[in-house]
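Notes follow the structure.
Just so it is clear, A, B, C and D label the chains in written order, and each chain counts residues from 1 on its own.
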């Protein structure tokens, strides 16, 4: 909760600073218009406008992003209204608002719609009251028809899209979970690898150096008594021996 | 990596080990050798727990000359399997600990000063087992040469020169064993030669370790035989 | 004599010091996935662009891995893996991999303890004599990429040693390539996990790199 | 052009008349003016002449006024160059000439001395003889030979030896670099120029020696020493007239290092001297000596 409050505070602060900037630049422009209206030229005037509009966009950006809790969810309540003149308010608003009374609150705090909107509302209400019940019903059914038609179209395209995307993902299938599991099991636990071995691995073999059956013995110089068994990899054993031998001899710790 | 020959040196009567080593060091310095740091070779022996039947001991050795390596020798009684590995092998050995235990009192090491004399590297090692002084082991390495039989005469002359004793003209017996490496050597089958012994093979760091193991074994045996009192006994293996 | 005055530190001391100061990379952070043979080219292209070895291209490798276990009565079997390169001169790798910790959802990767040791070719003999037995073995061939500390391998797993010598070629396990993203780091560097997840995210539609629970596969 | 000519002749007239005036003035009053009133006579004559000058001047002026100024500068051709400075002092040629003369003189002197010295010394790397008789026709064999020939020579060498193997590289064009492994004792990189040996690097069997790095020395003292010896032998075996033979005998000599560690010094009978084995091999007998023993 406190975090939200802090965010709100920050948001208000930044909005306030932007507003101040805006106010200052507008004030400066008005001042210019009043004092230099004889000498001012179009470029400087437009520059001022650009400044103001940049401040405005900055402000609207902040409001659009609404870093903290959405401002529209917050309500401003006038707690105290009085017809008397309020000195502190007078100072705060730089002499613009002398009283905080029932007259001005609806305008300043937007408790009342804009006059233009109000007018339009009135017009619509008048129109609605003038309609006969029958005509209204007719219009409603027509409207419903149109809406349902559009909904149907939207759902249809959506369905199409979904089919398409699923088809595409089927094409792009690049890995399979079962293969992953098979491979990991093979590498990690020898699943599917042990089967190919002859059922040797005698449980109580004497220390004869023949625990590894010759066929699965790697074709290196594992043992001096190694029978020259089938070379499982079909490579010339002597060359492998030479390579490994020389490597291990001269650079025993040459990590790769 | 050159050829290394180990030579036990018996402490003369009436002298202590440190005295003898100091005496030898002085001689080396007088010869023109320069001391270059120190060295240590240690050996720890793991024996299998009794319920595992066949006695297969594992010796794990370290040599400060090869600080990144651990050397292990598995002794089955009939043959020895050497292994050279990264120093991390020690951690792996701990993982195997349930099957093998280390006998602390058999931990034996040789350490001391290391001298450089031209291309020679001479190490004066005092052998201690479980903190007890056991004897002196000299290590002489001739670095430019890789074939033991080629430079044995050189090393022998050097040894005689500064030890002042005559050294048998024959190469130490270790080098007369058929080379383990050579059995696996690809050419061994092509030009099979029964006389192809270690002395004609390219020297390996493992050969140094094997020599140390052999001499450490002698020291241990001698301890067992003489009950730990045979310090001055000659050690000709 | 001055030469013997200072204590000579043993290799063991240095190691335990390194362990204590957490500089030994003994944790593996891992994500796994796979990609069908047909679209592996896509993935390789993408990795080529994403990873560090832009100038050199992907590093091909062809390894043979043997998994062995040391069984002791009344104890869990110790699993060790030996890996060697079939296409270039390199020392054998001996590797211990501990139980994988999946962790909860918040943990981005699989974490397992791992000790990686380079060693000589005698290692197979050594382990056999020690009493280790071969569990299984396979070869994998593929490409390796690097991105900072991360290692990405894309490789095909083959069965080895089929009993009939006349059979043609090694038999692949599946029609997919295994994709692994891993980092070997010292204990307590969990931040790397996030980095890996971010990277895996970039490969997302092509490959699903995930924590894969071994227990559920069994 | 006519008007120009007229103007020129008018100027000439003016000049001659002015010259006449000065002439008369310089001569002063003379006898032919008569005795009496000669001053006035002289004055009259002068006035006449002066009028003449005036007339001519006017003529010149009128003619010049009639001249049209040329539209562009005249093209003077080579004559324009006449305006340039040609004096020796301004060209500073002299000091340069003197300097170059001095240098030529010095070169002459030094080359003469060098020739004398080189003639006394048979270790010649080039055999461009100073005497012109054995002219330049022979300069062909050792510096500048076809790569095929070099290959042939080196192949012959590698056939002859069992324990020594040769690898030939041509890292920079046609000149060969041969990496020789002598037994399991040492490696040597021999850099050729044609069939002439330019450089030798010796390293231990376990040291790396590749074509990219031919110049670093061995980390072992003994091989650094051997390298020195190979360099002196390289000079000894140089023979411009029989380059192939020179290379072959050099190879034979260097091959004798396969017993570097196994043979004691022929003079003192010891293996070691200053922690070094006998690093010198006699050039003819190939007997081993310590460097310190070879001269005593």
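One rule holds for everything that comes next: contacts are C-beta pairs under 8 Å (C-beta built on N, C-alpha and C of every residue); 3 or more make two chains touch, one makes a residue touch a chain.
If you want to know which protein each chain is, UniProt gives these names: A = Mediator of RNA polymerase II transcription subunit 8; B = Mediator of RNA polymerase II transcription subunit 20; C = Mediator of RNA polymerase II transcription subunit 18; D = Mediator of RNA polymerase II transcription subunit 27.
Everything numeric in this text was worked out from a predicted model, so none of it was measured.
Undergrad: Can you list every chain in contact with both chain C and chain D?
TA: B
Undergrad: Report the chain whose mean Cα position is at the greatest distance from that of chain B.
TA: A
Undergrad: Looking at chain pairs B-C and B-D, which one is connected by more C-beta pairs in contact?
TA: Ranking B-C and B-D by C-beta contacts puts B-C first.
Undergrad: Of the chains present, which has its C-alpha mean closest to the combined C-alpha mean?
TA: C
Undergrad: From the mean C-alpha coordinate of chain A to that of chain D, what's the distance rounded to whole Å?
TA: Computed value for the inter-centroid distance: 76 Å.
Undergrad: How far is the middle of chain A from the middle of chain B, if each middle is the mean of its Cα atoms, in Å?
TA: For chain A versus chain B, the centre distance works out to 68 Å.
Undergrad: Nearest whole angstrom, what separates the Cα centre of chain B from the Cα centre of chain C?
TA: 35
Undergrad: At what distance in angstrom does the C-alpha mean of chain D lie from that of chain B?
TA: The computed centroid separation for chain B versus chain D comes out at 65 Å.
Undergrad: Residues touching two or more other chains, restricted to chain B: which are they?
TA: Counting only residues that touch two or more other chains, chain B contributes 56, 76, 84, 86, 184, 202.
Undergrad: Which positions in chain D are in touch with at least two other chains?
TA: In chain D, the residues touching two or more other chains are 206.
Undergrad: Counting only residues that touch at least two other chains, what does the list for chain A look like?
TA: Chain A, residues with two or more chain partners: 207, 221, 245, 248, 252-253.
Undergrad: Using the touch definition from the top, list the residues of chain C that touch chain B in their complex.
TA: By the definition above, chain C touches chain B via 1, 3-4, 6, 8-12, 14-15, 19, 24, 26, 70, 72-73, 75, 78, 80, 94, 96, 115-123, 125-126, 129-131.
Undergrad: Which chain B residues qualify as touching chain D in the complex?
TA: On the chain B side, the touching residues are 1-2, 32, 117-120, 142-147, 150-151, 153-154, 157-158, 161, 202.
Undergrad: Under the touch definition given earlier, write down the residues of chain C that touch chain A in their complex.
TA: Those in contact with chain A are residues 32-36, 38-39, 42-43, 64-67, 84-86, 88-92, 118, 120-121, 124-125, 128-129, 131-140, 157, 159-163, 165, 170, 173-176, 178, 205-208, 210, 212, 214, 217-218.
Undergrad: Quick one: which bits of chain D touch chain B in the complex? Just the residue numbers, please.
TA: Contacts found on chain D: 184-185, 204-206, 218, 220-223, 261-262, 264, 270-272, 274-277.
Undergrad: Taking the touch rule as given, give the residues of chain B at its contact with chain C in the complex, in rising order.
TA: 18, 21-22, 25, 35, 38-40, 42, 44, 51-52, 56, 58, 62, 64, 67, 70, 72, 74, 76, 81-92, 95-96, 98-99, 109, 111-113, 126, 184, 206
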